[in-house]
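First chain A sits with chain B, and in the next complex the same chain sits with chain C.
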Partner chain A sequence: MRRGLRFVVLSLALVVVLFPGFGAFGEEKISVAIQSFAHEALKPFIEQFETQTGIKVTLESMPSSGTDALTKLTTYYRAGQSPYDVVSDSDEASPAFARAGWLEPLNDVLPADFFEDFPPSMLESEKVWNWLDDKVYRVRHSFEFGYFFYRKDWFDAMGLLPPATWEEMVDIGKKFTAQGKIGVEDALSKPALLYVYVAYLTLQAGGNPFAFDEGFKTAVKFIHDMIYEHQIFPKEALNKNYDQINEDYMNDRVAMMRQWPYFYSVTRGNTEWYSEGKAEIALPPRGPVSNASWAGGWGWEIPKFAPNKEGAKKFIQFILSKEIAPKLARANSWFMNPRYSVMAELGDEGLAKYMKWYSDNNVPAPRPYHPRVAEAQNIVDDVVSAYLIGQMTLDEAIEQGKKMMAELGE
Partner chain B sequence: MANFVNLQKASRRKIYYAIVLILPALVLRLFTSLYPVVYTIYLSFFRVNPIIGAHTYAGLANFQKMSADLVVRESIMFTVFFTFVSIAFQTALGLLVALLLNKRFALRYFARTINLIPWAIPMIVVALGFRWMFDGEYGIITDLIARFTGLRFAWLVDPWGARWAIVLANVWKNTPFVAMLLLAGLQSVPLELYEAARVDGASGWHCFRYITIPFLSPIVITTVLFFTVWYLATFDIVYGMTGGGPGFSTAIMSYKIYQETFSHMNFGYASAISVALLFLVGILGTIVLFISRKFEILL
Partner chain C sequence: MNLEGSRTNLVTTYVLFCVYVFITIFPFYWIFISSVTPKHKLFSIPPLYFPSYFTAENFVRMAGNIPFSAYLRNSLVFALSSSAVSVFLSFLAAYAFARIRFRGSNVLLLLFLLSIALPPITTVIPLYELYGRVGLLNKIEGMVIAMSSLITPFTIWILISFIKQVPAEIEEAAAIDGAGFLHILFRIAFPLIVPAVGTMFVINFITGWNELLYPLVFAVDARSKTLTVGLTEVALESTAYGKPWDLMSALSVVMIIPVIVLVIIFQRTIVEGLTRGAIK
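Up next is the complex of A and B:
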């Protein structure tokens, strides 16, 4: 008998050692996939959710680029499976998944007055990107647009004001280039980064990057001229990613740079380098039509194949609530967005001040939409890059782009 | 007669027994090799994109699209350039390194070991490292060239600069492996042959030309054939170093296939390009084999 008992105890111990999850058998759980840099900020809220609902949450990592997210998730969804119950997904991937019927509608998950918390510019973008036939398939938790960073300390020393127009940006850029600095820089490498900048300038020129219209032509010609004619923008940027241009900026080489909001934290976090005025934000210089900066972001969705949809819905309700979303935005700027509740919580604190300033000046504009956005972006990347290195003329690039886009629309 | 029948029966039983033993491995092999190839060929005649819910018969449309696709055309050119230039350089350099490592000198075993370090580094790490080293502003390679020549060249934003940068990085990584293979070949050459040749008055060059080279040729042929097939399907170095740019000057076929499959979900079109790559591998592999055999006979 005693030997039998010892055998049972040993067997159980072995099972617990080999299968740590065995003890949680029968416990309700969900798996939440989100970029790993956001995990720390999420943890206190996860604990709160677990206490409130008794649902155990496991955090999993998502890729940091939208196209990689598309690649990763498609393989699961295509097979009719999902290892995740809740996913923080990108603009490149989510609309395509919604059209493929791979996402769960969230209408019955969100409170009736949920979207009253959204300012019109954000709501408009949500409808274009995340709604299909009046069904909501994703809600963005980050709503980001490019900010115009500049070296206020250098500008002040030279008695300059931040540029209000493209022309002023060129004039000022020349002054810095004459001193051996880089006047203006952005990451123009493939894939996707070149598109970001082209789309930003195309909106300011009143065009649509996917239409290869006059606005697009003006914007791309402007990039070309900044590089080759005015020489205020380094040609090397054509193979630079965000890490590289951030390094340029924080090595005191760059005077002006468009960058995503995370750069605000990056500069302030570099305590050895940062001091007041080194990474000040101004409104974007105005192009021929506007000083718009397109906004996009990552948002929560529930895959149709989620193992625990009910648990996932409870998580979405919790994490997007007016109580939690503002606190989460305070914990990590990636969760910042212009929702009224978030802005009220953050007030004039840090980047929120600039987000409000940009919004008050109508800078945020909807991200250019295309039903097959990843492919369309690659087409823009390909032809613009080919033009900027002299592989084709601007007219050829536009003709080629139109042709490829037409084939895409078949 | 009865004996003959018994013998036939026994022989047939042996054949059945052999088939039963081979069958699991055969089925597994067919399933993992033949099935994907056949299914890829099948898909190449369809328009398949799960995101837009398309799965329709397209006939030769994917192949027609491919022939008009500027990026595909450029990628075929660069794939061939990358393959043959890389192989030429790494074989020549590999032979030189192998000859050096075959000499008697102090620490030669240590030298053989460190020679293999580049080969042991994962390709994606090599690609990202060289991306920085070829950087037009901070890159150590660019900087060294600028110090010696006064010329600063932005390798990765110039079409030919980027192509050569990729080839050089690839050659740096794979030359040690070729050198080790050739070193193994060199060590199998009987020393008596060199001694006999010297007695007959042969020079160093003659020994190399008429003894070393013929002995190494089977290894060279195998290596060239192996790398030809391997390089035609290269992906990671382009992905890490240039992303196919600038423009589409370094778009390699497998990168284009990856992009169409995983970024655009155009499974049909990607399959058509894969079929083209399969043909390219077949044709170039046959040509290389043919030339190598000719070369071997000449030697």
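Up next is the complex of A and C:
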């Protein structure tokens, strides 16, 4: 009897050691890949999802930069495999994946009235970036655009209002430069950061940075003039990243600055420095055509090669629902976007107030689209940088950019 | 040359040497002080070259931001195993190339050279497909095989030159005394090129320790991810913009320590290995 019991126990132990997944046999599971900083916020909702569906969810970390994620995911998809069922992916990668046929359409997954929850500016951006031939391949959960931060305390002291146009921005910038401050600043280093600002101003000038059109020419000339003619924008910004301009701002050197939404919490988190009015937000100064600020972000997608596509679809339905998405946005600002349901939940809390304000004023515009966006952005970076440091004229830069873009093709 | 001239040369040499040392050491110093500087003081203007604020908080936050202990263990296993496997296989192959004349050995050596020239990114997709079929994805064993295959050709080339410097007469004498092939290989030849093997072990360890591409692609979760992947995953709170230099500096300091320890342990062997090739 005792020998028999020992045999059973030993056999069971052997099975557990040799087949670690034995206990989980038959359990449905999915793997969700997203940056680690979002995991804590997701956990309570994942527990709720697991309870509702019985599907076990494993959270996996993704690289924080879009290009590292692109390297990782391209290898998987090109090999016709995917270790993940649901992926939070960047603008740099997702459109190319959709065109390659590596993503699962989500039309059947989303409720019929799903996009009615989207304001026009966000919907337009979704269509440009995430739809292909009327099929939806990704839905953004983060929707970020540049905000115009300014020193309201300094403006008030000088009896100034935030600039409504580029011309006013230059005039006000000169007043601050005369006091030894930096009038306007943005990070213009390569790669990518210079492109961000060029694209921002090009949209306001009614152009497309990848077309090297008149709008592009106006915008780049404006940056050049701010640096060299009006001297309200430091030339050193050509070598600065976001951390450096943030420090410039929080060391009381900068009067006006376009920055991504995270700067809102960066300023408020610097309790030694921050006080009311030091990092107020205004609508972007209007260029020749608009005061648009392009929006990009990360979104949910299902790889065509996902091991459990049905489970992944249930997760997408759950996490993007009008019930869950607003609560998730409250838990972590990375999930904040101008969907009506999200804005209704967040009300006037923190940055949500400004996101709604921008959205109501149609400020967010679709990020300039190119099927090979990362490479196209590099071209813009290269030619604009060459112009701004005096290596070529603006006309030469435009000609060179058009040539390189034609060679890049689609 | 007069005394004045030689003194000037000496001073110039020392000045250049000091500049070189400063340029080499300064980035490490900067990483170190960034790792112990509070986040909000990192970009102070003017820069704080000698900070008065010190904190261990960056290390604590970094360890909470990624599964640090798992990544550290994986990094150690990955780098040590890749290095050990590559050095062992390279020694056997190098001995064969150096001592045994066989048809096509030169062609084979040239092929090894070609494989060194091949960028790893070009092979990563077929390798991924292959690993998927044989169940080596998300496993350190798979990454070790890939990494070893990457660094072995170069190691073979280096070890061949060292083995050729060992007089074949020593091995012939041992054979006359009745020593078998394995005895000659491991008891006679190996001890004579230990400095070279040790040096290559350290170099390969550092290469494996710093490797990003294979762990980034082949590792899916904390069971096989390494610290280099962790460096891409530490992030600012709630944003993909900007870089968490405080956390990245803390992680970099942790990543530098094992390399320094290993170099100190193998210091004599490395110096011997590097200088032996210079004198015949």
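Convention: the second predicted complex is superposed on the first by the 383 of 410 C-alpha atoms of A that agree within 3 Å, B and C clash if a C-alpha of one lies under 4 Å from a C-alpha of the other, contacts with A are read in each partner's own complex, and residues count from 1 in each chain.
The working rule: contacts are C-beta pairs under 8 Å (C-beta built on N, C-alpha and C of every residue); 3 or more make two chains touch, one makes a residue touch a chain.
Fair warning: this is a prediction, and the values are worked out from it, not measured in the lab.
Of the two partner chains, chain B is the only one that A:Leu70 touches; chain C does not reach it. Among chain B and chain C, the chain that touches a larger number of residues in chain A is C. In the superposed pair of complexes, A:Glu60 makes contact with chain C only, with no contact to chain B. Of the two partner chains placed by the overlay, neither chain B nor chain C lies in contact with A:Ala112. After overlaying the two complexes on the shared chain, residue contacts for A:Ile389 are found with chain B alone; chain C is out of touch. Using the contact criterion defined above for the overlaid structures, shared-chain residue A:Lys190 touches chain B, although it does not reach chain C.
Once the two complexes are laid over each other on the shared chain, residue contacts for A:Glu375 go to chain B alone; chain C is not touched.
Residue contacts after overlaying the shared chain place A:Ala406 against neither chain B nor chain C.
Of the two partner chains, chain C is the only one that A:Tyr242 touches; chain B does not reach it. On chain A, the surface touched by chain B in one complex and the surface touched by chain C in the other have residues 71, 78, 244, 248 in common. Those residues of chain C that touch chain A in the shared complex are 40, 42-45, 65-66, 124-126, 128-129, 132, 137-138, 213, 216-217, 220-221, 225, 229, 232-243, 245. On the side of chain A, the complex with chain B involves touching residues 67, 70-71, 74, 78, 96-97, 99-101, 189-191, 234-236, 238-239, 244, 248, 371-372, 374-375, 378, 381-382, 385-389, 391-392, 400, 407.
Every residue of chain A that touches chain C in the complex is listed here, in rising order: 31, 35-38, 58, 60-66, 68, 71-72, 75-76, 78-81, 83-84, 90, 144, 241-244, 246-248, 251, 253, 260-262, 265, 270, 272-273, 298, 332-334. Listing the residues of chain B that touch chain A in their complex gives 50-53, 65, 70-71, 131, 135-137, 154, 156-159, 162, 242-249, 259, 262-266.
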